[in-house]
């Protein structure tokens, strides 16, 4: 039997429309607006001024603290202004708006296509380089990667797990990356292993990507300590706690980090970014973004510079189809619905999904029939129906007791509910309140 | 609440003593006063039942009643009914413990030849609507026992019990859905009949 | 407070059963028929009125700390009087009400009125209060008994009103709870509207 | 980090003496809302005051509302010591005495008297008990006023 | 005397006396001194148990009132000054008068002024929506209109107006308990002194965007144009982040600011109707005039106290 | 482009719906329906129709006129309650009793609590037990099954016979041995196809099992409840039987007779009134199995499934409180 | 066997609250939370047992001897009322911290009606119990009370979260639930 996590999960229709589309490079737009907060943590501090001339790869905003990341210019040109622009969060955030002029790269960047396998630098230097390159997790959470590479005192990483699961329906950016940049990625993994001082790495890949599995299995023979582990197609296999459980059969304790069980999880995109940063001196300013949707003319995978407006990307895929209901940044299960297409692509944008109107509308909410389907599918062993009821009745204390903070917001519960109840909406509400109270308590 | 007394140990004890004493005295007098009516009421009940279950008489069966001891603990009271000093029937206060709930007490009247004259339910706690159909005012089930010729019942299963429901190979139709109560009723009658036979001797 | 109000609030605004939920055991246990409810209600009313009178008379003689035990003794005495009298003159009813007669002692309604009203008020008011509360209680018991009797035995005050068997449950324990539940809901709705 | 089941009661600090806080527990039972609570015969109406030892009494002030935490398992242990154990003693001695002596009155009274040594033992171990039943407190939070 | 009577009296009296002793002992052991004034204070309090005073319930507040040395920091918003002075009377203390506070809604953006650009389709709860994104309109500050505040109000003082989709305060019912302020995720609601004769002037907008952006998002937004600031002779208006704020303590209700505001973001409540000043109106361009009219009618809609059961309304939406 | 729709994730919903589930259960009951009509004819049809129609009607009237809410009758749960209630009745029950049963089921058992999803007790069983206690005579007169005969057209005046469980109770009460029972009741094959007395929905063991398989395949229910009920019945009666085969009937007899199968497959599995966690479901099932047998063997009623399910329904909140699903990540396992 | 019958009968078949209607007020009053219901049951078992033993002795060796059975009500209630207090005083005196711990665990322990009712039933002539049987009966009744109460508390905690129609909310629905619970318990009838 294929490895998977022990309990819960759903299997929504996969709809990987862009699965075999090669990565295309999206032309650089005329203007980009680069948000200074593209990661979890403190926003970066802008280091350029209006009218400054910048090159591709030049730092334009500096990390604002330990959990923060540098922001590099994705284009060359002049800084038009520094203003608030709506980003994928749905709120206005500070951004650097640059008028593009030519495509002049920072000279330190090695632009050649050549694969550089060897590296001979210390763990600390690797982390330094990664930090300078502004690399954050590309799996969705955008957590600064260098932080994950510096395990807290008292913990020791034992294995590195590379998340190539891509369990979200529709999205294919990780898949195509594994196919096209497999070798680079493996070098990236070796670098990460060295940084973490571990000698074992697993690449978890869902079984619906057999080509990636065979491709990588062939390649890993030449890389010591790396194993490809196929896992069952089961959403949310890609959730790091689930993946760790599936691959090495350890359970991250409630409220704990993966490192508590000696694991560190990185996305395949992150590994590739690490390769480029360490071997090619290339900071993180572009990534592969899937643009997809049943009504989209040319679903595909594009290499996109950050700051490019989503509308430009959609244009490249054939424009916004008629009767579009929703535009989602990310997949249908965890992605964020956009309120406008004028938002910039950022480090966390793994895909843009366009949903027709009839699929976008929620259904009428009916009362909970206590069918326990949500309980069955919750990978965290929670009782979503109960949490939702507590949420509706503002019984936050009860939510805290029922471990609401363990919820990974995978949405399986809402997906499975026959009464179409907005379970996760209320759980999030409760997580907010409870989380805030807990923090307030611990700071006192 | 103007003049509440202060509580001290002594006055508390005294007050409560006085209150209890007064209450006790008052109760004792009420008890004295009601003692006889209560006794009377109890006798009255028996009397009424006896009046129902045996043929016409002109003595006072209650004052002539006697206790019959059967076995170790069983005690049945019987009331001889006489017409002009001639025995016309015997009422026996009997009971059964195999009912659905608690003890069932009934009065069974026999004519001197051992036939049941009539029956009357004295006390029962059977379920209203089921077991309580044994009461006269709730149904005519107990009519079966009127003039039941017990000595001449055929004991088909030879278990020595004469008054039995049909389920137990007897002759009595049980109350629908209340076989248990019916069985208990029969059991009480049987007990009375046995007592009757003893008296006969 | 006007005398009228002292008297009437026991019926509606402070009805012991429907509003204050006091004395539920006898309420549920004795209302298998309207007559039984009535009997229990009258017995309770008697104890209530008498103990109110006595408490109101002796209130200033009793030290605070033995208030409660004294009241209990007074109430218990009247309960015993009721017990004895009923045994003597209505033995059948006494048998049906059984255990619940001595339990009048612990009916919070009685101690509650003694403590909250009679121990603070004039004798005349206490009588009115006791009477009002008691009759309100009686009314509630009778209503509950009547509903249960109609539904359960097809009769009211032992007069048959329809042929055939009633729904037995209503005479049994579950019916008591259910009927009282709906009656309370009904009073809630009615009092809220008016 | 597995949470221990806790009983949580809102309470108010009544007074502070040294490291001990006297906290009054706010009744949550039916009695709190009962209209007749003043008239109720028995002891449930009076408020419950508990003493709580804290490290940092300066953090608290009189009248402050707090939450008292008490491990549920400790509650059951209290229940056991206070009621269940004497009950068991009562029953066991009753059963054994009844079967040995066959005298009701004697066995009944003796088994009731058996409670006296039990309570004496309890009395002599009260310091130990005091160390067992500890409460902890946290300041109250109004969840709805906290958010990200 | 008869034997039964003797036995009765002896048993009952002895039981009675034993009971007396036990209960006396009990009362000694269980004596808890409860200041009788606590009961009295509790009686005065409105028994809303809303927690507006900062204590879990009315009784707790009563206890605190009795125990603390001064009533300065203690205030029951529901009972108000009258209640507090009765409490003070019972306790023989002074109480400082507090102005009556009332909730005001600092968002003016009815749908006709604030076009919806998206449609929110999640659970109907203000916090859920505002956690997700800025809202259905281009104004990221404004009311999202799902009525969490109205749900939070225990005094029937808030309802959602179905036309403006904004909450409306019924001042007569509002006790200033702060519940709605806490409930609103957008911080729309502010408690302000109700003012003399309930007259007050405030800016009904919290948009901190630059003027142009603000205006684009919402026709009745405060653009931070500083006209009112310049007009105010009493230094009552401050402008920060392109947003005007009127200090209720300094404002003298001269209402000059109201007239100069080009977007109609400043509200006057319960002020008598003013004499028409035709000169100023004609100054304005015809287009703007139309807009001001629109605002006026909208305002009338807003201030009119339509008592619509908004919860019912919300229910309908859910189903 | 019209206004974009914005909502929190997930943006994709599964294809399940309450309606689908309820109609799925109704569909799974079709074989049972056929068998019951085959054995009980017109009577079965009349009782089913009156129960289903009055259930739906009462739900409609109550939502419309008393609760003043949107009508919910189309979700199929009222019809299901009606059908299951009917299956729990004798086929010659007077129509007015069926209607009262439906009223109690829907009015008291379901709508008093706010309708679908809110009731703590299984509505159909509330209706049935109410009838059973109120009119024990009518509720325990069982028509004899009569396949293929003109008697099928009879409704009120069919011959009555005892149920196997009634025979069992009688046998045990009379202290006779089980071998004498064997002569009075049909053999197991007959029982399996449904040729025995009883409520007309409970007799068709085979058809009920087909329904179970269908529901398991469609993932409408999980195996936990039915299996634990049937398993615990088998084990419990098995122990008694092995200890004393003269006085106790064998497990197969207990499983095939009475309402065990109907109860275990269709009634105990009612979502609304059963526990939420798997562990809870198993405890719940065991409770039902054991209580059923206790009531059958030692209680006044010959059959106990209905009571057992209702009693365990009452325990469901406690089960849910103390038997939570196993949380992810509570214990840390070390890598070898 | 005889004891087992008494126990089963008192717990299930003739449950004090559900079938005999004793202690209905606390049954509704203290059943809002399962925790308190459990705690209360423990206390009730003790109080009921002690009360029954004392009143049984009183009845058999005082009232019966002097033939003043009619003083039953008044003596029983006095004895029970003071007993309950006595238990608390002793506890408080003996171990204040234990008392405090119980204080926050339990809301109240008095259940007049049930205690008096069970004490009265235990001395009922029809049963003819001896002391041990009476005690067992009291214990079982108390357990039955506790069981019903814990189940009911669970149901009520559950009902708090459900969408009960306005008119039925609170007490009315609690009664209906109690009724249905009693209906379910009818299944035990006749076990003997």
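Should a chain be cited, it is by its letter among A, B, C, D, E, F and G, assigned in written order, with residues numbered from 1 in that chain.
To be clear about the criterion, a contact is a pair of C-beta atoms (placed from the backbone, for glycine too) under 8 Å apart; a residue touches a chain by one contact, two chains touch by 3 or more.
Everything numeric here is computed off the predicted structure, so don't read it as measured data.
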{"item": "Touching both chain F and chain G (chains)", "value": "A, B, C, E"}
{"item": "Intersection of the contact lists for chain E and chain F", "value": "A, B, C, G"}
{"item": "Between the pairs B-C and E-G, the one where more C-beta pairs touch", "value": "B-C"}
{"item": "Length of the line joining the C-alpha centres of chain B and chain D, rounded to whole Å", "value": "51"}
{"item": "Centre-to-centre distance between chain E and chain C (centres being mean Cα positions), rounded to whole Å", "value": "46"}
{"item": "Interchain centroid distance [CA atoms averaged], chain A/chain B, Å", "value": "86"}
{"item": "Distance from the mean Cα position of chain G to that of chain D, given in whole angstrom", "value": "20"}
{"item": "Junction residues of chain D, two or more chains touched", "value": "2, 41, 43, 49, 144, 147-148"}
{"item": "Where chain G touches two or more other chains, by residue", "value": "28, 68, 70-71, 74, 78, 81-82, 85, 88, 93, 112, 163, 168, 173, 176, 180, 183, 186, 190"}
{"item": "Interface hub residues of chain C, defined as touching at least two other chains", "value": "22, 65-66, 68-69, 72-73, 76-77, 80, 84, 108, 165-166, 168-169, 172, 174, 178"}
{"item": "Contact footprint of chain G on chain D as seen in their complex", "value": "7, 9, 25, 27-31, 34, 41-44, 48-51, 68, 70, 72, 74-76, 78-84, 86-87, 90-91, 94-95, 98, 104-105, 107-109, 111-112, 119-120, 122-123, 125-126, 129-130, 132-133, 135"}
{"item": "Contact set on chain E toward chain F in their complex", "value": "116-123, 128, 132-133, 136, 319"}
{"item": "Contacting residues of chain F [partner chain G, same complex]", "value": "66-67, 108-109, 111-115, 117-118, 120-121, 126, 129-130, 133, 291, 294-295, 298-301, 304, 306-308, 310-311, 313-318, 320-321"}
{"item": "Parts of chain E lying in touch with chain B, wherever the complex brings them together", "value": "2, 4-5, 8-9, 11-13, 15-17, 19-21, 24, 27"}
{"item": "Of chain B, residues touching chain C in the complex", "value": "1-8, 11-12, 15-16, 19-20, 23, 26-27, 30-31, 34, 37-38, 40-42, 45, 123, 127-130"}
